[in-house]
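Two complexes, one shared chain (chain A), two partners (chain B, chain C).
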Partner chain A sequence: MPSWIKLITMALLFNLVTCTATGCWNNQDLSETSIAAAMGLDKAEDNKIELTVQLVNPSALKSAQEGGESSNKASWTLSKTGETVFEANRNLLSTANNKILHNHIQIIIIGETLARDGITRILDFLERGNQTNRKADILIAKGTTAKEILSLQSELGNIPSINLANTIDNEDSIGKIKKIMFTDLMKELATPGKDPAIGVVEIMNDKEQLFIKDMKIEGAAAFKKDKLAFWLSPVQTRGLLFVESKISSAVINIPNPLERSTKVAIEVISSKAKTSVELKDGSPVFNIEINEQGDIVEQQDGGDLSSPEAVEKLKKETETAIANEVRNSIQLALDNRCDLMGFGDKLHKEYPQYWNKVKGNWDEELSRVQFNIKVSSDIGRVGLVKTSVLPK
Partner chain B sequence: MQNIPQSLEQAKLELKRVFADCDDFCLREISLGTDDEINIMIGFMEGLVNKQMVNADILKPIMIESHKIDLKYNNIINLLQKELLTANQLTAVNSFTDAVVSILSGDTVIFISGYHTALKVDTKGWEGRPVEEPDTESVVRGPREGFIETLQTNLAMIRRKVKNPNLKFERMKLGAQTNTDVYVCYIKGIAHEGIVDTVRKRLEEIKIDAILESGYIEEFIEDAPFSLFPTVGSTEKPDVAAAKLLEGRVVILCDGTPFALTVPFLFIESLQASEDYYSRFYFASLVRIIRTVALVITTTLPAAYVALISFHQDVIPFKLLLNIAASREGIPFSAFTEALFMGITFEFLREAGVRMPRPIGQAVSIVGALVLGESAVSAGLVSNIMVIVTALTAICSFMSPSLGVTTVFLRLINLAASNIMGFLGLTLSLTAFLIHLCSLRSFGVPYTAPFTPLAGADLKDTVIRYPMWAMFTRPRSITRKNVDRMNFNQ
Partner chain C sequence: MPEYIRISYIQLTLLLTGFLLGSSAIMNQSDTARQDSWLAAILAVIAGVAVISMNVWISLLNPGKSLIGILKDKFGNVFGTVTAVLYIWYFIHIAALVTRELAEFMVTTTYAETPIIFVAICMVLVTAYLVRHGLEVIARTSEILIPLLIVSVIIIFLVMINLHEYNIENLLPFNERGLKPILHSSFIMTTFPYGESILFTMIFPYLYHRKLLKASILGVLISGLLILGITLRDLMVLGPDLISRVIFPPHITTGLIPNLDITPLVEVNLIIAGGIKIAICIFAAALGIAQLLGEHDHKPFVVPISVLTVVLSIWIFDDILAFFYWINTVWPYYSIPFQFVIPVLLLLMSWLKTKQRTV
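Take a look at the complex of A and B:
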C-alpha cells in the first residue's frame, strides 16, 4: 500500500475516533442523574446570583405513563445562591439527590434586575462549560424573577418548561416574539455594531395559583451591549424581525381598498430582507429592501379583490403597512441608541475604514443615521372564493 | 500390503480373524458351474448392502446362470466380470486390506479359489433419511431439497444441477478409525487450481482417528483457527453448493452429514442467501440492505444504548430522554448490568430452545416471554427499553445465521468496551474488529473482498444485488479463470 493511502486512512481513522470522543465524560448512569429542563438566573441580595433549575422527576412521569395518578409532581424547582453561577450550581447539590444534567436545558430565563446589570458575566459559565445546551432559548422575565416564572405549573403536559418552549415556538411562528438561542445570543453579543434583543415573558394575571397560561410570552427586550435597555411590543418586535428576515409567518391587517372601513387580512408566507449601506456625502445611508409574499386569507366585506387592479392596491397597502411597522421599530431603536438592526456591523463589513473612524462614538452616530425602507409585496393566492358571500 | 490368498480356506481364516466378533459380517460359500469345481466365497456386511442386489446380481448369476456357460477354457475372473455378473459396478482388488475396507463400506467382495484377485461389487444400500427441506436454510422461493447423510445421494444432487463433465468429484478417505469418504468437488476450468491444490493438501494433512461430521474437517482446514470469524462456509442445500461451485469455489462433501463445506468463505457470504438470486433484484437488494442493517444492530445496539445512557445523555432528544428516564426509574442495576443480564438470558433461552425436546418447546417460550420479559419489567429489575433493545438485537441476530455465535461475542465485547469508554470505546472495538477482518484470509483470498481489496465488478453482488443479466462476471477475488459468465466458448 502506498504510504499516502496509509496516511489518509490514518487521518480518517483519527478523525472518526476523535469526533466520537467529544462529550465523553465519565460513566454516569441515567438513573443517577437529575435532568434539568430549565434554568433561571436572578440577582439576589449582596450582589449574589440566584440560580434556579427546574428538575424532572422521572418517577412521576413513569406513573403517568402507567396511567396512575401520581402524588408527586413531574417537576420541581430548586434555588440556590452563590457569588458565581458555578458556586450556586454546586450549592444546588446540597439539596438535589443526584448530579444535575444540564445538557437538556430547554429554556434559560434571566430576571429583569439581573438583565439590567448586564448578562455577560453570568453567561460565561454557560458558554465555558461542556454541559450547556447551546440550542436553549433565552427569555427575559419582565417585572418578575426567573424563579417566579419557573415555579409556575403547567396544565398541559407534565413539565412546564416544555410547555413554555412550545409556546415560544408558536409565538415565533407568527412573528410575535424574538426567539433567540443561546449560541446566537453569544454571537450577537460578540459582534461589534449589533445589539441583541431577547424574547420576554411576563406574568399577566394576579392570582393565587399561577399557571403557564397566566403568562404573556411575547415581545422582546432590547439590549444595549449586554444591558437591558427598553422593551419592544409584539408589533415592534415584528418590525425588527422583518429586517432580520426571521418572519416565517405573520398576519397583517390592512384596510380594504374598496371599502376602507373594513379590513383585509394578509398572511405573510415568506419575507426576505436585505440591508445595504452606502456612503453619501460622508455619512452612511442604509437601504432596507424587503421582499414579502402573502396570501389573502380573509376579507370582511364584499367586493371582488381578485381583479389585478384590486390586487395591485392591496399590495400597495401591504407595503405601506410593513414599511410603517419597520420604520417605527427602527426609529425606536435609534432613538434609544440601540443598534438592534446591526447597522454598525453592516458598516463594519462594507466600509471598515469608515467604521474604524466612527466606532468610538457609534452611539451618537446612530441617532443621525439615515435609512430608507423599500418593501415590495406580492400576493400569491386569494383563496377558494372570488368574493365573499353576502346576504341577498 | 497383504495379498489375497489363493486358497479359499486361507482367505476364510483371514476374514474370520479380521471380523472376529463382528456378527453383522456375512460370509457365504458357493460354487460356480455344474460340477462344483470352482469354489467361490462372497463377503459383505449385513445392513450395508442392498440384499436384492446381492441376490439378483451376484448369487443368481453365479449359482444358476453359470450352468449355461462352458467354464473349461475360461479365466474365471474375466468370465465373472464380462459375462456373468450383472451388477453395474465391478472392480478387481488385489489387496486384502482393500477388500476389508470395501466390505466395511457396503461393497460385496467375491473371493475365487485359486486367484490372487478378488472382485468388488458395489452393492451399497442402507437405510437413510429421505431428501427433505433443510431447517437451517429454508426459503420461500427456490428448491426445497437438502443434502442428506448419504454421500452418494448428495453427489447426485449436485451433479443433477451441474450436468457438466468438468464438475469433478475427487474422493479421499479420512479418519484412521472411521475411514470416512470425503469428496473434493470443483469445476475444472473455473475453480482456481491453487485453491483446489490447497484444499487437497490440507485435507491430506488431517491426522485424526474419526471424522463424524464436516465440522471436524472445518476445524482442521481453517485459515484462522483462533479467529471469531468463520473462514469456512457450510451449506445444507445442493443449489447453494452448485452456485458456489460455479463461482469458482471448492465444495467439500463428507459422508454422514448433510452439511457440505464451501471454501473460500468470505465475509460478504454471511449476508448472502440463496433466495436473493431467485427473487427479483429490487427485492433481493432490499433484503440485503435489511440484513446488513440487522448485522450492525445485532452487534452494536446494546453497546450503543449503554453508551448513550451512561455517557452521552446529551445526544438523546429531550423527550426521548424523559421517556427513557421514566422507564429506567427505580431500576437498581446499571445499564451495562441490565444489558449483560438480558443478553445472557436470551442466549440461555436460545440454547434451551435448540436442545430441548420439541413438545416442551412451548414451555420455554412461555417462561421466556412472560416470566423473563413481562415479570422482570414489572418487578423493576429491567427497564422496558432494555427489553426492546434485547428483543431487537435477538431478532436481528437470526438474519445472518452463518456468522452464528460470532455476533454474540462481538456484541459482548462491544458492550464491555462501550461501558468503559462510551462511544469512544465502541468505535475502538469496532475498529479493532475491522482491522482483524482485513487481516483474515480464507484459502488465500482476502476475507473482506470485494471491499478490500476493492474488486469493482464483484461489488455487484454485495449490499445491492444487480440483475442477473448485469452480473456477467464470476467473482474475480476467487477465480481469475473463465470469468465471463456470458461467454460460452471459453
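Take a look at the complex of A and C:
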C-alpha cells in the first residue's frame, strides 16, 4: 500500500473515531434542558392522572448564589393531565420550553386520592424509565394533592423540593417519618406478607400564600397491598421503625423515677430489632427483640439518678415506653389487617410449608397473630454532669 | 494450521474467563430459580468444569487438530463437512446473540435515542479489527483487559458490603419450590455460557498440551466465581422478585449506590467481556471457514463474517422481549446437539480409536 493511501485511511479513521467516540447521539446542552427536582402524581377527573413537576432554573440559581437579586424564580411547577403518566409527561412539553430531565428527581409525591386507588399503575412508568432516580424518596400528600404541596413557596433556599428532601433527612433523625426509597417501595410491594408504609406530608394552615413552613412531614401512610388503608401518627410510625431497625435517632420521654410528674429525656443512639417466629401448637408466635441504647440528655427537676438502682429503674422505664409504643403500632396494624411489620414475610422465609397453607387467607390469620415484645435497654452516656442540680 | 502462533496458559485462562463471563456480567439468566439462583450458579459451574474437561479431552485425543479437522476425521468427508458448516453457523449465531444483547443494553440504559444498529456496528467494528490481527492479539488484549474486569467486579461487590445494602434474608426460603426450577435454571446457565466452550476446540491446537486441562478448568472456575458473586450480589441487594423482573440487574444494583455513580463500571465489564466473546466467536468462525476451504489465512473471512454478525443480530429478533423469550426457552434445547451430543460422539469415537491403536 502506498504511503499516501495509508495516510488518507488514517485521516479518515481519525475522523470516524472523533465523530463516534464522543458518544452523544442526542446531545443536549444544559441550557436547553429543564431539570426536574420533584414529581407529583394526582388523580384527575375522568380517571386521568395529573403529573406535576417542579423544574429548576439553573441560571436563576446561579445569579442568586452570586448575591445578585434575581428577577427570575429559581423554580417553577408545571402540571398536565393524561390517561397515563407518560402521556401526561409528554403533555408537559406543550408548556415547558425545554426537554425535561428526570434523573435528578429527589422526591416523588403521590396525592391521597390516587394512593387510595392503588399506586402500582403509576409506579410502573418510573420503574421502566432509564431516567428514574431510584433513590428518590416517596411521600403521600395527606388530605391534599401533590400539586398543592409542590406549589408551596420556599423561604429558605431556592428550590422548595430540595428543601423538602432535606427536611425528610432531618426528620429521619427524630424517627417520626417513614423514609422510603423508590426501589425499596418496589421491593416491599412485591414481597408476599409485607405491606408497605410511606411517609406523609400534609398542609397545616389554611392561608392564601403557603410556604414550606406551613407543611408538616410526619407520620406514615399504611398501605394494604398497593392501596392506602390508614394513617399512622408520628409515634405509631416510630413504633413501626423500631421493629424495622430503622431508628437512627429518637427522643423518648419517660417519667422521672424520683418524681413521676416530671420527665427524663432519653436520646436513642442506636436500636436494633430482630423478629423471629416459632410455631406453637400449629400457630405462629412472633418474638420481637429490641436492643436499644440511649443517652440521658435531660432530667426535669433535681435529684440523684446516678445510683445503680436508679439507672436500673430508668432502663426499665425506657423498656416499657418502647415496648408500649411498638405494641400499639403492631396492634393498630393487625386490627386493620395490614402486615406492616412483615410477619407474613418472616413466616414465609422460616416456615415456607406453613406459609403456603395460610397465605390464602393471611388477612384473617393476621387478626389472630400472637406476638411478644422484649426490649433491652442500655444507658450509654449521661453528659457532663452526674446528677441534676437540686435547688436549696 | 500456522505453527508459529502460540499463546500462553495464563492467556488461555483469561480468554476463557472473558468468553464465559461474556454477557453474564449484565444479565440474569436464572429467573426461574429466584432466591435459589446462587445454587443454580454453583451447579452450573460444576457442570461447566465437566463440559470443559470433555472439550479439552477431545482436543488431547486429536493432537494438532481443530474442531473442523476432528469432525472431518471422525464423521467422514461429507457428513463431517456438513456438521462443520453447522458449527460455523453456530459460532456466528453466538456472536450475533452477544452483539444484540450488548447493543440492547446500551440502547436501553444509556443511549435511548441511538439506533441499535449503530451501537452494534461500533462494537463489531472494533472486534473485527481485533480478529484480523489474529489470535495472539486477542489473547494479549484479554491479558490486559480481563484482570481489569475481575477487579471491577470485586470493587462493586466490596462497595456494596460497605453500604450495608446486602440483605442475606433475600436468600430465604431455601429450596421453596423443590429442585426442579433450580435444575432448570442451572441447565440454562450450563448451556449459556459454559457449554459454548466447545468453541475453544478451535483454539486448543495453538497450545502445547501439557497443562491445557488445568488452565481451562481454572478459567471456568474464575468465571464461575465471578458469576456466582454477581448473582449473589444482585440477589441480596434487589431481592428475588425484582431480580426476576429486571432485565439488567447489575445496572440497577450499582445505581443504588449513593453519591457515587459506578454504573459505567458495569458497562466496562460488558464491553470487555462481551467484546472478547464476540471476537473469539468471529475468530473461530473465520478460522473454521478457512480450514474447511483449505486456506491458510483466516483474515479474508473476518469482515464478511462481522457484517453477517451485525445483520443477524438485528434481524433475528423483533424486540428485546422476543430475544429474552428465545434465550430462555429455545436456546438451551437448540444448543444440546452442538454442546453435548456431537462432542460426546466425538469423544467416544476418538477414545475408541486410541484404544484400538493401543490394543
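To be clear about the criterion, the second predicted complex is superposed on the first by the 366 of 392 C-alpha atoms of A that agree within 3 Å, B and C clash if a C-alpha of one lies under 4 Å from a C-alpha of the other, contacts with A are read in each partner's own complex, and residues count from 1 in each chain.
Everything that follows uses one rule, which is that a contact is a pair of C-beta atoms (placed from the backbone, for glycine too) under 8 Å apart; a residue touches a chain by one contact, two chains touch by 3 or more.
Remember, predicted model here, so these are calculated numbers, not experimental data.
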Which of chain B and chain C A:E350 touches, first, second, both or neither: second
Applying the document's definition of touch, where does A:I35 land relative to chain B and chain C: first, second, both, or neither? first
Scan A:V385 for contacts with chain B and chain C and give back first, second, both or neither. neither
With both complexes superposed on chain A, which partner does A:V56 reach: first (chain B), second (chain C), both or neither? first
Which chain, chain B or chain C, is in touch with more residues of chain A? B
Please indicate which partner A:T183 is in contact with in the superposed arrangement: first for chain B, second for chain C, both, or neither. second
In the overlaid three-chain picture, which partner chain does A:I5 touch, first (chain B) or second (chain C), both, or neither? neither
Do any residues of chain A touch both chain B and chain C, and if so, which are they? 20, 23, 25-26
Contact set on chain B toward chain A in their complex: 309-315, 318-319, 321-331, 334-335, 419-424, 426-428, 431
Complex contacts: residues of chain C adjacent to chain A: 108-114, 118, 122, 169, 172-173, 176, 238-239, 241-242, 245, 252, 255-256, 258
Okay, in this complex, where on chain A does chain B touch? 13, 16-17, 20-21, 23-31, 33, 35, 37, 56, 58-59, 61-62, 64-65, 101, 103-104, 106, 131, 133, 159, 162
Of all residues in chain A, those that touch chain C in their complex: 20, 23, 25-26, 130, 134-135, 183, 186-187, 190-191, 348-350, 352, 355
